[in-house]
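Think of it as A, B, C and D in the order they're written, each chain with its own count starting at 1.
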């Protein structure tokens, strides 16, 4: 028996590793190890008042902190029966888009692309190809500016509250964002060019099950309460209230992340899953870009997730622009958050974080204090699927050289854009 | 002093003329409170306000101000940005004008502060009379009336504003408005006196400041200070909002990748733990109690020795800003209290 | 003198402070020209894990033996160790576990498997090793990070405000949320430096930067109690991001 | 009392902007004692170097660019112009930064500030200078001023104490004074482990046994850490010194040096304007003075 161990997975958020055990050519065991300490945030928010929950749980992960915050708000509002104003919904979606732009730009340009071009990281890449890195930094900065304007801070937004926003952005701030987004549209196109020019990453093919939020507008990260699971053209619907049937989590000894499967098979969430579940949005500019990237859906290559992220950059920029145009057209109103009347009950919210499905579910007492909280993160949902694809990647690797296998495994891992501190989450059953 | 009157319906006209003399700033409403802010529309101005959150001090000694830019080879270059901008503050209460007159003394003297002085020269002040509320004690502090430090001062006497012309700039503003200002008549003087009388009667607070310095000296060891020290949060709110608190801190920074940088000053407060701390580790006012004592002592006693009057003008801001309800009027009352004699 | 060698590390946390470093989009390329980043797992896969470092920037709290060992190793090889963010400086939200029974929580969540995990109660860096500079914030402020690097390059250490958020809030001329709206604002006891970000948006401060050195939480709690808040809950709120220093 | 619009009659020597530091070159760094170096500065502009005048006991605000500014007493005597000598102890941020500088580096200087010693009053009298540790820094200016204008003063006595011989500031210079007849130079160390010390050994107050003092015709300038004040002041009072003939140099935090920033305020006096030289009478009448 031989063992391949990647001790520290670099260029991902958090601490994880990969272990593959081989018996001759046969892969006997594959593990995605998580070394991140357990912060036990879910049991620790027990007893906290509803307004303290989002800031604490957003600390699960910085990169998806806006998604955590907004999902938390959505769950609490569901529990208390609060409906927010249309303007709040628009602003929240804008915040989601900002985070998605930032996260995708960060992942693609600073973490993933260096792999394709054989650089150890963006710093080294910048020395030879500064334009590529600068392009990524521009997009990333725009995403952050959106988050700062709407959320009050690029990481761990403070302005989004149960019922609305502390202060809505001023007109001139929106106008400034608009001009930034107009610029960014060209940058997003350039990102497609860059992606299309990369050497193909064609070393892991696998049947894949995809799961994503089914949103009324087909491409919202925020609205919607059902998950659609796509297997070989078959589609199944899971309502939010039944999220446990989707996750079927089990604790595994090698990791503080729980592993999920749907009807026995691992599934993938994230950009590629979103495009697969909601294919109808792939029109116009997106369809052209898709052709340039030679992407066809459903994909059988997890590496295609990087392409899907690039496509989403185009879409996010477009949609963010639309939202701002609408806010400017309707005139931004100085709204205060909806009044909050806590009540005992349970609320569950599902959204699409940059890395895929994110679920927050809370049980409250009559004073609006948490009785139980449960958070399921995209990387936790992806863990089993990642292990499956690691296995396929090794199986399909003709050269049995450790360096090659190791590199491919890391690329597969990074294609998932794993967020390991996110995956450390705890569930109470 | 030239005294005129302006029919109220001509105020808009006057305001539009005043704008030619500088960017117009006035109190505007902010969630039920008031702040001095640049006006985009005259109709935003709220001339009948109680008090602004921050006093006009913010225009003369900004919360943060870059004093110098440092460039290797060039040395310290004074930052003069914004110093020559012409502003008009419309609607400054007497106590706040008085406070500026006090700051004038601090920032003049042997070493005049050129930043403050430049702004004082370039910012016009149109004062306005006001009605005291439950936190005002400017009359006790002899600051309910000012005779200088403004360009124009408005008294609301019904259908008219009576207008005191304080400076040549004020006179220019009057002249530029054309013939809308009218000369004063005997009846107007009565109107003024009536108003003055009414204002005097509407004060709800009264503090006796004669011999207060002596009482401060006698009560230097009072247990009152420990009590206040236990409550004070050292949040500095009282100093920030005070129209005559002027302590500031100075810090230098360097810019990334160069040896150049900025020297910036920012508001400071004697309530902060490091205000009197020196490098040897000695802190001349370490305990919170001694810090809060110092604040009262310096305003009500130290300033008298230095400038002949307390620096407190009785605007009531620190009373409304202290999260733990430390109230200068109550503190003075307690200091003066005798077992069998009612205070005041 | 050559470029100072720098390592950027994350223990257990949300990676927010490392993200803030990557969020210095306008300065990032200048930054890597000025300092020699030798070890930064989140951004590079070629790291020198053994070389001596002039400066180690460490994010996150210590929650596992593995964290503690890594931290000691980092201390060993570094001349200057900088704690980055509230978790590293105070323990952060992970330190909400003070007083809780960890093994019970672990079991509650992971079942039997939980017992096998390497997991200990949350600690700030200075509880394990000597720390030379603390940059607090959840996450840190970009400007504070850049000022620290600029100062360190100058052989100096940066100065951060030592007064509370309340002071900045007043300088910004906000309406006080505590006094005017009776909201449970932690501004009076929280270290300034964020520009009173939350109260500026009419959102009460939750104390994410940890306590200021001279805080008087007992007095604030009394005020909160007078305003109708439950004392225990209010005290817990003041402790959300830092287990100590506050009531 | 000053009127608001009173135009200042006395401008600081250097410029109309009292905060403007003027660049000066470090011409010499002399390592007198570990972490107590003597820095000699000369203004880059010759005009300033020629025209800068100060009184003994005054201080300057010294800027280390990019790091900060701090008050430092002028240790050189006005009778020896053109350069400024500063004895700086390394204690914190700015002093540390100063210690990183080398000869020919530039710093910023503005001043002089403070009242200085009342020289008009002192002249014609005896002077007793009593210092411990770093307290010698401001007194050295007075010492050389008096020696350089020897005919204007009666008896001059210096009492200076340090922990050990190697801690004594200006050691060579001061030991050279011991043999002079126009000054009674008394130097002491608390301990002399090396056994090389040829002067007194013992605590500072023991030097009183070797001094001839005529309290009613003397001025005493005292400077040093709090213990020095504690013991010396008591001895002076016991000897019958008038309270306003005892001159102390006080230290307070300072950010501006010109009576604006508020930090050095003691009750109702500013250390930077009415001080740093205060009489003992002032001291006991101001709260939290020492």
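By our rule, a residue touches a chain if its C-beta (ideal position, glycine included) is under 8 Å from a C-beta of that chain, and two chains touch if they have at least 3 such contacts.
Here the structure is a predicted model, which is why all the values come from computation and not from measurement.
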item	value
Chain occupying the middle, per Cα centroid	C
Taking each chain's C-alpha mean as its centre, the one farthest from subunit C	D
Mean-CA-position distance for subunit D and subunit A (Å)	66
Rounded Å distance between subunit A and subunit C, as computed from the means of their C-alpha atoms	25
Euclidean distance of C-alpha centroids - subunit A vs subunit B, Å	52
Distance between the centres, which are taken as Cα means, of subunit D and subunit B, whole angstrom	38
Junction residues of subunit B - those touching two or more other chains	251, 253-254, 259, 261, 274
Per-residue overlap in subunit C, given as positions that touch at least 2 other chains	154, 156, 159
Sites on subunit A at which at least two other chains make contact	none
In contact (per the touch rule at the top): chain pairs	A-C, B-C, B-D, C-D
Sites on subunit D touched by subunit C in the complex	66-67, 93, 96-97, 100
Residue ranges of subunit C in contact with subunit B within the complex	27, 30-31, 33-34, 146-147, 149-151, 153-154, 156, 158-159, 162-164, 166-167, 170-176, 178-180, 187-189, 213-216, 219-220, 222-223
Residues of subunit B defined as touching subunit C within the complex	30-33, 35, 53-54, 58, 63-64, 230-237, 240-241, 251, 253-257, 259, 261, 266-267, 269, 272-274, 288, 320-321, 323-324
Subunit B-touching residues of subunit D, taken from the complex the two chains share	1-8, 10, 12, 16-23, 63, 65-69, 91-92, 95, 106, 108, 225-226, 251-253, 255-256, 258-263, 265-269, 273, 287-288
Residue ranges of subunit A touching subunit C (in the complex, touch as defined)	8, 10-15, 35-45, 47-49, 52, 55-56, 59-63, 65, 106, 110-111, 120-124, 126, 130, 133-134, 137-138, 140-141, 144, 152-156, 158-159, 161, 165-167, 251-253, 256, 258, 410, 421, 426-428
